[in-house]
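As written, the chains take the letters A, B, C and D, and residue 1 is the first residue of each chain.
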Amino acid sequence: MVLALLGWIDQPRKFRVDPAITAELDQIRLMPNGIGGAPPEIDFALGQPYENDSYNLSQGKRLYTWFGCSSCHGDGRGAAGPSFLDGWWLYGPEMVSIVASIRDGRPHGMPAFQNRMTIEQIWQLAGYVQTIGAYRAKVSAPSRNDAKHTRPSENRAPAAIIFDEGPVGVDPEQGPNP
Amino acid sequence: MGLFAVCLSGCNGTQSALDVHGASAIHLKHLMLLVIWVCALVWLTVMVVLAYALLRKRRVAAEVNAGADNRATVIVSAAVGATALIIAGLTVASFYTTRLIDGDGDAAMTIAVKGEQWWWRVTYMRDGTPDFETANEIHIPVGRTVLLQLESADVVHSFWVPSLAGKQDLVPGRTNTLALRAETPGVYRGQCAEFCGIQHSHMAMSVIADDAVSFERWLADQSAESLKPAEPEATAGQAVFLGKPCAACHRVRGTPSAGTTGPDLTHVGSRDTIGAGLMERTRGSLAAWIADPQTIKPGNNMPMVPLTSDELRAVSAYMESLK
Amino acid sequence: MADGAPRKDLRDTALDSAELDRHLTSIWHTRGGLWAAVSTVDHKIIGRRYIITAFVFLFMGGVLSLLMRLQLSQPEARFIGPDRYNQIFTMHGTNMMFLFAVPVMEAMAVYLVPLMVGTRNIAFPRLNAFSYWMFLAGGILLWVAFAIDTGPDVGWFAYVPLAGPQYGTGKRADIWAQMITFTEISALCVAVELVVTIFKQRAPGMSLDRIPLFVWSMLVTSFLVILAMPAIMIASSSLILDRLVGTHFFNPAEGGDVLLWQHLFWFFGHPEVYIIFLPAVGMASTIVATFTGRPVFGYLAMVMALISTGVLAFGLWVHHMFVAGLPRLGESFFTASSMAIAVPAGLQIFCWLATLWMGRPVFKTPLLFVVGFIITFVVGGMTGVMVASVPFDTQVHDTYFVVAHFHYVLIGGAVFPLLGAIYYWFPKITGRMMSETLGRWVFALIFAGFHLTFFPMHILGLAGMPRRVYTYQPELPWSGLNMMVSLSALVLASGFLLFAIDIFRSARNGPAAGSNPWGAATLEWATASPPRCYNFRRMPVVYSGEPLWTEDELQVASGLRVDRRELLVTAVVAATPQARESSVPHSIWPLWAAVATSIVLIWSIFTPWAVVWGSIPVAVALTGWFWPKGAPEEES
Amino acid sequence: MRERVVLDLSDVTSHASGSASPTWWGTLAFMLIEGTGFALAIVIYLYLMSLAPKWPIATPVPSLTAGTLMTIVLVASLAPNMLVTGWAKKQDLPKVRFGLVVMSLLGIVPLIIRVFEFPAVHVSWDRNAYGSIVWLMLGLHTPHILTDLIETLVLTCLMFTRHADNARRYGDVADNAMYWNFVVATWLPIYACIYWVPRL
């Protein structure tokens, strides 16, 4: 049992993903309204590494800083862009939706990142974004950064701790309906 | 030990603490040789005594007698005293060398070096403000003291160019300094000496000591913006560079690219190596690196960007053109 | 106690030897069967277990080092990837320091110290059982994690921020930190047992100046453990807190400090070296005395050297941080203190040389290892003086020079005497001799293999090769020496393999040893080989530091009860009898306590609430441990 | 080896008490371990303080009430504790029983006060390094109160059973009382550090 538990918390780290696989990761099918959809088969075949693997999640966290996500989304509580912590997922909390939002952009200001990031990076980032807002912390969620403390780190389920603050920072123009 | 000393004198290399060309490294080598010789001598003495103690012929009845014990007490006390004296002498020599190294006061220029996983961000300062940025290759004027301001962007690294000076850690949240002074022109290799994660092994850098004229020329070249690509292939490469994820992390001054996550590529074509001292910079190695960085340096932060072979050729031509 | 339970308060005074043996066996004996085996509190059984387990970890760590040498034998080799390599070298260091070197020294002491001071069991025997289970659990945790690719990959000193919350992703660093907790608990427990055994359970007459040197060295070592290990407990706990609940001990952006970790770690880490080395010094002294047929020259000087080394050990930690950018003045102080420790070390060497000089050396395998130790350790001491100098250190710190240095100190300075000690005490532990012929081969292979492997590393370091690199580029001039080192490592490994073969062969078929095969002087040789479960039929009394050399007969005391486990408590300084104290009987509760504690520690890698809920079973187990069950030993 | 009896121990006592007993030394050794831990925590506190431009970092100094009350209660508890030690030495079972009940109660009170100490420092452990070290110090000390309380409770129960009237048990009671002195003694420097050093 201990073996199973430990096996689950950390898979061998894969640094190089085969180009054929990354091409598959691009094949997401979205519902016509852009909310939700079917993730590519390959994600399941790999064991959903972008949601569960600590290495990918922490890479996602680095990408969050490197690609300036915080300039609109702050530490996850939103600013010009929506919050990830308040329980409102404008396009649903599924990986496909988040990947699509990052890759293709969304109305009211979310830019498309498909020419700035590789699809693998987008999946890593999406996994991290989903983790920030999770109400129960994943075992593989990242811990705090060596930086100024603004909110509890992802492995402590900040959404559950500071949910009382309610939806904050949503641009009024954006509204709850996309 | 003797063998050791012989090996030392024959020890030369591009990255050796004994093939010295920098002011402090020269002082350090003197100290090291002194200490090594003294220690070798002490070791040899102890070994001779040990060998004799073990193998000497003994009289038939060698009883434990008081006379022998008293003699031994005197000899052991003398040996301890000698040890203390030698130790004190070496301590003084060590302090003296520290003073010699710290003595180099006023620096001609300051360069900020930031250790990042797994490369070196180098910022040349002019009058206290950043002038331009480059990576992994630090040009310095020969015969002049240059002060390196060492900081870390992530974990602890250590800056070590053994031919020029001892190492100094780059500690997050702190700024350390290291004075470098090369006495002869040349290329001196160094690499990160504090374990810093998966690609610690491939975090090299080189310090290039130029004579005054070529250093000034280099400085002028580097602070200029990048050249407009002349050949059509390079022009196409620039378009790929700007249109693909490359530009999100890398900057080429003189173009809209403004990424600061990865190394500044404005004059990448003028560098000797790529990938933090990993490979000699050629068009082929540039293409190989861009095509599959995770095979060449697994775990580094450069993603594998899907490019067609034409795009790859064009981008590498563009990189090569950034002299 | 089927064969006629002894009547209450029966004394050994009137009994003849055979009858006394029967009575003592019936109360001290560990019965067969798994349940009895895991309930035992016999220091010899636990000590043997400890030694075997530690040697198993040694061999596993050795396999890791061969894997590293395979990868480094050629430039840019691709046998092992960087991620796995980082785990391997971290595992190698962690395993060797925390699961082999410290435990094996304490294990030898758990077995030998009660025999050498002439008592029947270690003080707090149940704590002893508990400490073994904790050690085992910590080792299993680490190796299981490694087996499933979750082994720590941050180096054995786990510098933050690399091991911290931001860069040490996954649970790898937590497993490292929690494994520390396991082994520290076990080491601290053993240290307490040893201190109390040595203070309070020495044979009557064994005043401070008659304590065998090995026992002295274990006393100093135990104090080092007691004073040094809390630092690493605090450090690893703060690391886990930083990672799990977001404290800021090591976060410079919120008032923490990266170098705080290094200070805390090395405040433990430097004494750690002496925790490993001092017992080896004691072993060397014991072997030198026996095989020269005279007491070690300068007993008082040797003891003083041990104590001053122990004290100085706490004043050196900054020499691991000479390139971290600390103020120069402070560094200079640490240069002086680091150099100063060469004086007591030198004193010990000179005393051994004088002993060898004045005695008549008999070249059996144990003495060969001690001679090899002196040759090698002096080199390690010399390179130690080199790295103690701040300017010298800036060139060799974190290079293969340092790798060579500490292997000279730890293998040359500790493992050589340890192997000598195994050859020396094996007859006592098993009742059989090891092979002298094979022993010489083992020594030759290990000695030659060691120097061929590690000496070139000095040169590699000076030639600029940093440690902890998983590969190096072909244009660097290191490949020749690296190939040589890798090949030599095979010679070294074959020596250890032969040693293992000798152990297995001798344990089965070795010639019978008799109680004192080497004609040694200390008390452990006054009893049968292997010793009976009660160690000594009657409590020995000593009148000199070498009781077996100065007296023809064993002087003993009588008057102890034989209807319960009784031993003698004596005064700390003069070792005059104070009480006939009882020693606790076997118990399964230490195992349950260890299981409960292991659950808390592993669980708390995942959630802080583990500490709250997991403490309940621990409290239950400890209560069960201490609650009297009506045994005669529990009454006064 | 032949044996020769040179010493008769029949009249030596069958239980060593006080500093003659191994348990006493074992308790002392564990106190040394834990004392080193506390000392290191204080060193960390002072080290972090020396690095910070302002101390406490971005928070008001801790409120004194709870901590001072804690100190008073702990110091006051030393008196009954000494009495218990004396009674245990005299092997006076009824008084020892009474004393242990009192000490159990006196072990619970500090735990209740401790609950109010955490908010009184006005900082959470994850706010900054100051908060972390203060919580660490309180967090190191609390389990000591708790373990000694549990030990006292177990001993109290034990002293009401048939195992009670025995020199060994009285020795345990005395060692437990000594440990409580240690718990109080370690609190004083921690109290000074947490509550008064920031006011300097």
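Worth a mention:
Basically, a contact is a pair of C-beta atoms (placed from the backbone, for glycine too) under 8 Å apart; a residue touches a chain by one contact, two chains touch by 3 or more.
Going by UniProt, the chains are A = Cytochrome c; B = Cytochrome aa3 subunit 2; C = Cytochrome c oxidase subunit 1.
As the structure is a computational prediction, the values presented were derived from the model and not from experiment.
The interface with the greater number of C-beta contacts, when A-D is set against B-C, is B-C. In this view the innermost chain, defined by its CA centroid being closest to the centroid of all protein CA atoms, is C.
Here the spacing of subunit A (Cytochrome c) and subunit D, counted between their Cα centres, is 48 Å. Rounded to whole angstrom units, the spacing between the C-alpha centres of subunit B (Cytochrome aa3 subunit 2) and subunit C is 37. Note: centroid distance subunit A (Cytochrome c) to subunit B (Cytochrome aa3 subunit 2), computed from Cα atoms, is 38 Å.
Centres computed as Cα averages put subunit C at a distance of 30 Å from subunit D.
Multi-chain contact residues of subunit D, defined as those touching 2 or more other chains: 126-128. Within subunit C, the positions touching two or more other chains are listed as 83, 161, 166, 242, 245-246, 248, 251-254, 257.
Looking at subunit B (Cytochrome aa3 subunit 2), residues 172-173, 198, 298-299 sit in touch with two or more other chains.
Pairwise, the chains that make contact are A-B, A-C, A-D, B-C, C-D. Of all residues in subunit D, only 1-16, 20-22, 25-26, 29-30, 32-34, 36-37, 40-41, 44, 47-48, 51-52, 57, 125-133, 135-136, 150, 154, 158, 163, 166-169, 171 touch subunit C in the complex they form. The touching residues of subunit B (Cytochrome aa3 subunit 2), counted against subunit C in their complex, run 1, 4, 7-8, 11-18, 25, 27-28, 31-32, 35-36, 39-40, 42-43, 46-47, 49-50, 52-54, 56, 58, 62, 64, 68-69, 72-73, 75-76, 79-80, 83-84, 87-88, 90-91, 93-95, 97-98, 101-102, 117, 150, 154-156, 158, 160, 162, 165-169, 171-174, 176, 189, 191-201, 204, 277-278, 298-299. Against subunit D, in their complex, subunit C makes its touches with residues 11, 13, 17, 123-124, 188, 191-193, 195-196, 199-201, 204, 226-227, 229-231, 233-234, 238, 241-242, 245-249, 251, 254-257, 260, 263-264, 267, 515-516, 526, 537-539, 541, 548, 552-561, 566, 568-569, 571, 577-582, 619, 623, 626-628, 630, 634-636. Those residues of subunit A (Cytochrome c) lying in contact with subunit D across their complex are 144, 149, 152. For subunit A (Cytochrome c) in complex with subunit B (Cytochrome aa3 subunit 2), the residues that touch the partner chain are 13, 15-17, 19, 22-23, 62, 66-67, 115-118, 120-121, 146.
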